[in-house]
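One chain, chain A, appears in both complexes that follow, with chain B as partner in the first and chain C in the second.
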Partner chain A sequence: MNDIATYIIFFGLSTMAILSAIAIVTRRNLFHAAMFLGFLMLVVAGFYFLLDADLVGMMQVFVYVGGVIVVLLFGIMLTSQMTNVRMVSAMKQKGFTFLAVTGFVALLISVFTKVNLSVSTATAPKDTTSLVGKLFMTNYILPFEVMSVLLLAALIGAIVIARQEVKQ
Partner chain B sequence: MVIPLSWYLIVSAILFGIGLIGVLLRQNAVTILFSVEIMLNAANINLVAFSRYITPSAISGQMFALFVMAIAASEVAVGLAIVLTIYRNIQSVDIDKINIFKW
Partner chain C sequence: MLSSAQLIEFANNNGIPLWALNASIALVMAIVVFAICGLGVIVFVYMERKVSADFQLRWGPMHVGWHGTLQLIADALKLFSKEDVFPRNADPWVFRLAPIFMFLPAFISLMVMPIGPGIVIQDLNVGLLYILAITSISVAGIVMAGFGSYNKFAVIGSLRSAAQMVSYEVPRALSIIGVVMIAGSGKLSSIVGAQHIWYAILQPIGFVVFFVSSLAETNRAPFDLPETEAELVNGYYNEYSGMRFMFFLFAEYIALMSASALTVVLFLGGWHGPGPEFLGPIWFLVKLFAVIYVIMWIRWTLPRFRIDQVMDLGWKVLLPLALLNIFITGIIMLVI
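What follows is the complex of A and B.
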């Protein structure tokens, strides 16, 4: 892939990501916001592929677009009235919030442009899937097991919280 | 590697800022969940970009990104269950009306 094409892909992905993120935050219709969120997840998967992270990109598509978005859509559709939330923001600190967040992002950007990180020129491993599998079973075995317990706890917890209470 | 590392960091900082504005200013609890997802994805882009540019052979950043994804999935499941329960009890997901935790 030549340099110009990489630049075009990067700027295209960045533009789509920022525009869809703004759309998610500003959209009043929750269904549209969920669709934009799915699109943003796909764009972020594109970033991962651009960064030679094949498995993470695939998992992004599987877990987020295939799982999280479907769960969110179920939640939106199960509560038909949910879209009828009061639309006008009553926050008095709106301007101050914008100012603070903009200042924070500007600070981050100024740090990122000034700091000089020692970038390695080594090439990325060709087959990340087998490497990730090996690392999960060797260096990261404890976090991996803790994560499986956490997922089980989240599964049971979600059912317990959302189930209808039956009065005796 | 023609794109500098800082460009990825700038894009993810902007995404994080948009998600932060959504969390702070929106009234709808589900939109706040969406905004948290945007912020988690911005952090993930950072992790993968650092992993690619600083230590490409040891892919620890990608491992962390995978862990963050698992956490985000469980967070959505539990968070949405909480929102559904609140909706069933007070017929609203407006966070200004959810003040029963206040004392």
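What follows is the complex of A and C.
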């Protein structure tokens, strides 16, 4: 891939990401907002692929689009107005939202002005999957194991909750 | 295959830039795969009708063409010429986009299938993860179809389907881990290359779990709860008609094809078979049709489950079995 094509893809993805991010907050229809969020997640995965980080990109699609967005849509559909297509957000808590967003933007600006972002000139490794696997099993074994125990507990918890419902 | 040496040399000699070459190859491949999909769907629908007829001691389609071979073209023409009914209260964008979201994941998951030694469109290092990730997007298509139609049956159908697909994704992904452990790769072509004995023999538990959850993922009977015609009047595609309805049918059969192809690649030895190497794609096709025949056989012999039975099977039987499979595989690999 030469530079011009990379630039075109990068700016195309960035435009799509920004437009869909704006669409998420401006759509009053919750279902549409969730769909745009899913699209944004796919575009972010596209950035990872552009950087040759195939494993991270796949995980982005797998976890965020296939998992989080579906659960989000599920949550929207399980609310009391589930068959109402034109369900809109009530826009409560406006003040808090503006406060939180302003604070977050200020934090981001302070971070980006202070940090000196450097571009690495090293070529991207070819087989990222085995690299990540090796790092998980050597340098980061403790966090990895803690995480897996946590996920296993969540899995067992889900089964236990499902079982209690059957008993009633 | 996207960057084979001769093509690059040809591009260099004729002054074609590399990105243009890649883009045109990608376009050609997309069209080729689309044509294969179209042909495949015609064959599968005909096969489904004949298999079902055989199981019910009927003849099946017999009148249009020799033994009803042209029946499908007649049906397609009928669906094309039908009025495109649009529900008044439906969400226009979501309603229109849903069939595409159903179709695309199944379609692009075919791009990494190795059908012969070295015959693969894009051999990704993370091919297996790619397929798992891409197929999980089709849940969004079903939810969109259900929600966009503004119909209570469609909403219930899509809710059921989302619940079913999300819960069967877990055992499906876990059952593959045994295969990845033995083959030592997530690349589909190296998994087939390492498969001198079929992984269905080395991984019997994993194979059964994978096959059952693949049936549930593609919404095939006995797991076709999202579209139960008796209680939900075809579930999430209840409001669709004509062309759009055909697109759902198309998407469903391509999902069936890609799930069967993945079964062949992971557990049934892919292109391996007796005879010289160039027979690989033929062996692949033979195995593919055998798997599809078994899936149709299951559909026309088993009654449909209840939704709570489906959930119980997924979480209480298949998930522990898949975990057990990983455990056993790990111990055996440690001992050997």
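As a convention for this text, the second predicted complex is superposed on the first by the 109 of 168 C-alpha atoms of A that agree within 3 Å, B and C clash if a C-alpha of one lies under 4 Å from a C-alpha of the other, contacts with A are read in each partner's own complex, and residues count from 1 in each chain.
We take it that a residue touches a chain if its C-beta (ideal position, glycine included) is under 8 Å from a C-beta of that chain, and two chains touch if they have at least 3 such contacts.
Quick caveat, the model's predicted, so the values are computed rather than measured.
Touch criterion not met for A:141: it reaches neither chain B nor chain C. In the superposition on chain A, A:99 contacts neither chain B nor chain C.
By the touch criterion defined above, A:38 reaches chain C but does not reach chain B. Within the superposed three-chain model, A:158 lies in touch with chain B and with chain C [touch as defined at top]. Legend: residue contacts after superposition of the two complexes on their common chain; A:55 is shown touching both chain B and chain C.
Partner contacting the larger number of chain A residues, of chain B and chain C: B. In the superposed model, A:67 makes contact with both chain B and chain C. Comparing which residues of chain A touch chain B with which touch chain C, the overlap comprises 55, 59, 67, 71, 78, 82, 85-86, 128, 155, 158-159, 162. Residues of chain B touching chain A in their complex: 1-3, 5-11, 13-22, 24-28, 30-31, 33-35, 37-38, 41, 44-45, 48-49, 51-57, 59-60, 62-63, 65-67, 69-78, 80-85, 87-88, 91-94, 96. Note for the complex: chain A touches chain B at residues 3, 6-7, 10, 14, 17-18, 21-22, 24-25, 30, 33-34, 37, 40-41, 44, 47-48, 50-53, 55-56, 59-60, 63-64, 67-68, 71-72, 75-76, 78-79, 81-82, 85-86, 89-91, 94, 97-98, 101-102, 104-105, 108-109, 112-113, 115, 117-125, 128, 131-132, 135-136, 140, 143, 147, 150-151, 153-155, 157-159, 161-162, 164. Note for the complex: chain C touches chain A at residues 17-19, 22, 89-91, 93-94, 124-126, 129-130, 132-134, 136-137, 139-140, 143-144, 146-148, 150-152, 155, 158-159, 162-163, 166, 169, 186, 308, 311-312, 315-316, 319. Interface residues of chain A facing chain C in the complex, by the touch rule stated above, are 1-2, 4-5, 29, 31-32, 35, 38, 54-55, 58-59, 61-62, 65-67, 69-71, 73-74, 77-78, 82-83, 85-86, 126-129, 155, 158-159, 162-163, 166.
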